[in-house]
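There are two complexes below, and they share subunit A, which is joined by subunit B in the first and by subunit C in the second.
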Partner chain A sequence: MSAHGRDTRTAYLFLLPALLPLAVFVLYPVVNLLWTSLHRSDILRNELTFLGLANYRALFAGEDFGRAAWNTLYYVAATVPLGMAVSLGLALLLNTEIRGLGLLRTMVFTPVVTSAVAAGIVFVWLLDERGPASALLALFGVKAQRWLQSEVWAMPAVVLMSVWKQAGYNMVLFLAGLQAIPETYYEAAALDGAGSPWRAFRHVTWPLLWPTTFFVLVMSVIQAFRAFEPMYVMTRGGPVGSTTTLVYFIFDRAFKYGDMGQAAAASVLLAVVVLGITWVQFRVRRDA
Partner chain B sequence: MVHSQGGRLFRQVLAVSVAVVFILPLLLMIATSLRDPRDAAAGLQLLPARVHVGNYAEAWRATNFGRQFVNSLLVALLVTFGQILTSLLAGYAFARMEFFGRKTLFTIVLATMILPFQILVIPVFVVLARLGWVNSYAALVVPSLANAFGIFLFAQFFKTIPYELEEAAMLDGASRWTLLWKILVPLARPAVATLFMFTFIAEWNDLFKPLVFTSTKNMRTVQLGLTVFQEQFKVEYALLMAAVVFVTVPSVLLFFLGQKQFVKGIATTGLK
Partner chain C sequence: MKVTFWHGMESGVNNQVLEAKIREFERRNPKIHIDAQVYGAADQLGPKLDAAVAGGTPPDLLWWAPAFFPRYAEAGVLRSLDDLMAQDPSFDHGDVYPFLWELGSYKGRVYTSPFSVNNLAVYYNKKMFREAGIAEVPRTWPELREAARRLTRDRVFGFEIPIGTAEWTVWTWQCFLWQAGGELLSPDARRAAFHHRAGIEALDFWRALKDDGSATFSETDAGYKTDGFLAGRVAMTINGPWNYPLLRDQDAVEVGAFPLPSGERAATNCGGESLFLFKSEPARERAAFAFMTFVTSADFQVDWAIQSGYLPVSKSASQSPTYRAFLEKNPFLAVFDEQMAAGRVRPSIPQYPALSATLGKHLEAALYGRRSSKEALERAAVEVDALLQ
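Presenting the complex of A and B:
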């Protein structure tokens, strides 16, 4: 028998401890989610009443779901490009020969390993009406205000915190991508007259970095769609629902109002979006 | 690339300033945790006039943080060791054994990574409720005992190891179980360490699961406890920050200890 022998029974025994939890807590839930979304669900009495597509119709008839979808798009459209630009900038800056490189990278990365709850509470303090951000802005003549209680400023504040917390992670991915570009390409480009930093970036770095950039883009988009903790800690979805994104909406409906059916319907719609993004990613990677 | 001397100085200054901006909120968090509780909002006077270490003791006493630490530690360690164990076993089976349905099962395992947990939280809650596990350690541990990423990580890693070592041991009559633990796992130590750090930090920092699956005081983890503490103490920032500091220390400490491995893990796998 070779090390690559045929031993189905042993293999299944080795797989069971992993497959069992995955089956019960991932695969079955996918089916159950679809099923629940078609019912009025009373979790306490374990009762299901078939409703057909009524939960979905109710989502589109009400204002809250549309508002949450809009807030989600706002959050994604703000955090993803901003976060990518910041992390790419950091990677370019911290990929050069300067002193204390390791320490500087660590300083940028540390927010990644702090919890969203801790980071969120720190930002609540920073953005307090009497806190440092307001005091700093007052120097420029901006009137202090309760940023997180403002329908206009609450979401930008949540975006700011998310970008700050996530940038170090994406920076590491970009650094790995940058370091995979052979130095000879830059030397060749310099000989061809593309020696200025900007031209080297445009003609060498950007095209060769594209696989990394695309990977970071997809990861960031999905990460942004699933974000929950920044909103929960900084604003509890408020004020007046202005930071209630889809995951927050699902959480609220299901676990605050006990409307499992409608929350499940919203989850299904969000799942369709995530599956769509994943599908596009596969297509692009296959064609590349 | 050729850079001028002036350009280098400019980059040095810029890099230091940017890094300081990134770490500043965390430094201010520590500074505020040492302030006089009465004027912790601070404005632009960022450093405490007099150091108040007492905030830490008061924050610790104000809620049941001791119990919460035990809960978080227990859950994070059980999930982490559980995931490493199930991933090693399944990764080994996928990498080294021939069996019916291997390709299909591997695809299914990978597919479980697509949908984020937040989307499946309702049916997972339904399952936990039926099992009678809501408000128990089981609710926080069992759903996370297996993770496609870990399985994938070890399967890929084992494939890079040549067969010869195992074949020699097999001729001596070693079982699959022995091969895995005596030959492959010792070689996989760096991968195990990486998975340990990622999983432990993710679990320690998690709010979503404890928020949804538990509601009793006794089951609170540190992150959930922090949000409750925040609701109670609202703008008493000195106490809040003291609590935030001691909840943050374990994960940041673990990161500092294994930083190289941790960063390499992200760079090679894009894991999160």
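Presenting the complex of A and C:
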């Protein structure tokens, strides 16, 4: 055996401890998921009946899957830009030297480490007809209502909670990005006439922060597609399915209807969409 | 021998009573230890139990609505009880109401043994009735509608509609379906039957209460919660006898109960919980079955009924002088006891959980005014027919 071959074998041996868990916990479930999506499968029984693509056809024939896909897009389109704007804003505000900075940053970060279930329950209470949100809005003449029981307002409420919960995490990423921009660039920009804060942001911060922004964007999109807890705790996908996003739909199919096959098919489609969007994002970035 | 026992008794008092009864059982059977664990809301148990079964770690005994057992019997994870009952001379099969054995049977075998029964009636706020000048409780749909209208005032609704897509909504709605003369399924349980005239009338009736402005929605998927009623925000709500200890120990609201109003006929949906025995090994199954025998005994049934408000499952317990004397003093519970005569049950079929989820989804769409009652029920029927094939 050549020295090269031996090296390769040694390299694989070293990789084995990492590859093995990957195979067991990632590769196998993915293959299993694909396989299950082609069968009728009940969680309680180990038997699979081959159906071909019938599960996929059933998803497209029924109205629930389309509705869930639409709700997911709504949720992603609302949480990602809003969440990024809020966290960037917070990062800019907290990227200074003021007294109590650590405390402020900790406060903004606290929702991230709070359990989603606990936070969701607090929001349910906040958004009750007799809760603080209604009381506050009443000052502006808005009629009190059960926000989470409204087909129109349930999704915005879920978005609000998600943004609040995530803002701290993305803020930390943005802060790290901001602090990596050398002070000298701002001095140079000021000398060149970009003295106003807006122009400094537009011409120095924004372009140099782009790698961070891009990372936050990709992660936020993926995370938003996978959202589940806020809907589970706050609205149970309702009312009338208005907050049933794809992951909630998958959960419903699998555990409420006991239809693992259709749930698996929907999971495959979700994975394909997320993969596709992430690929597009990377393409756009490379071309930019 | 340790026997794990999952139950969903969330009320503090009922939990204490159950714990005391378990200790009593353990004193009589020193070799058996019952490890009781609360699983939370019974409506939300499905996913948890499925995961436990799929993972090979179901409990030995499970306390749950019998409507849900056939799916597990069909999957072959439940132990049938016929031979255990035959071998145990102290198990009095004939004393239990026959409909409970019917409810607990699937394909000719008995799989569940009853723990307690209940049914649905209407709780009402007596003070609000007096203030609205309503002397007689409503007996019919029009009377209920009229009462709800008269009880509605600023920030108080006459009636509460159990909204959501979960079983509670489906369970309560079935009462009205039956009252209107309808049936959930065809007699052979192969087709939906809820989408005909009676179903539409029943759903339209709920919608009418909402449209009148005299009913509010309950918390979503939680129509069983008494919060709104006890806070004086609703005057009437549909609920069962099991809140008896809770209602007894509060003085915010003067609570009464009356039977669900009649349409073409009187009807209520009997629920209650049975014990499911999951397959394990013979010795553990026998130990778990010993607890079932204990639960079915008249002693347990009378004690349990008096302390918790659930209704007894056997004739001897129901007719025992102790229990009769207790009902004399508790007209609230007597309403539920008398209503057993109009009691009906959900079908014992494996598809019931999926059926309930499907019907619930469409009931909600109609109650939110998304679709007419007719269209919503017809859509539900198409999906339910597909499930039953």
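We take it that the second predicted complex is superposed on the first by the 254 of 288 C-alpha atoms of A that agree within 3 Å, B and C clash if a C-alpha of one lies under 4 Å from a C-alpha of the other, contacts with A are read in each partner's own complex, and residues count from 1 in each chain.
Simple rule for what comes next: a residue touches a chain if its C-beta (ideal position, glycine included) is under 8 Å from a C-beta of that chain, and two chains touch if they have at least 3 such contacts.
These numbers were taken from a predicted model, which means no experiment stands behind them.
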item: First (subunit B), second (subunit C), both or neither touched by A:Pro182; value: neither
item: Which of subunit B and subunit C A:Gly258 touches, first, second, both or neither; value: second
item: Partner chain(s) touched by A:Phe25 [first = subunit B, second = subunit C, both, neither]; value: first
item: Which superposed partner A:Gly238 touches (first subunit B, second subunit C, both, neither); value: second
item: Which partner reaches more residues of subunit A (counting touched residues only), subunit B or subunit C; value: B
item: Which of subunit B and subunit C A:Arg146 touches, first, second, both or neither; value: second
item: On subunit A, positions contacted by subunit B and by subunit C; value: 43, 251, 255
item: Residues of subunit A defined as touching subunit C within the complex; value: 42-45, 146, 148-149, 151, 235-241, 251-252, 255-259
item: Interfacial residue positions of subunit B with respect to subunit A in the complex; value: 1-3, 8, 11-12, 14-16, 18-20, 22-23, 25-26, 28-29, 32, 40-44, 46, 85-87, 89-90, 92-94, 96-100, 102, 105, 108-109, 112, 114-127, 129-130, 142-146, 148, 151, 163, 166-167, 170, 176, 179, 201, 204-208, 211-212, 223, 226-227, 230, 235, 237, 240-241, 244, 247-248, 251-252, 254-256, 259, 263, 266-268, 270, 272
item: Partner subunit B, residues of subunit A touching it in the complex; value: 1-8, 10-12, 14-15, 17-22, 24-30, 32-33, 36, 41, 43, 46, 90, 93-94, 96-100, 103-111, 113-119, 121-126, 128-132, 134-136, 139, 164, 167-169, 172-173, 175-176, 186, 190, 195, 197, 200, 215, 219, 222-223, 225-226, 228-229, 232-233, 247, 250-251, 254-255, 260, 263-264, 267, 270-271, 274-275, 278
item: Subunit C residues within the subunit A interface of the complex; value: 46-47, 50-51, 53-54, 71-72, 75-77, 163-166, 217, 220-221, 353-354, 357-358, 361, 364-365, 368, 370
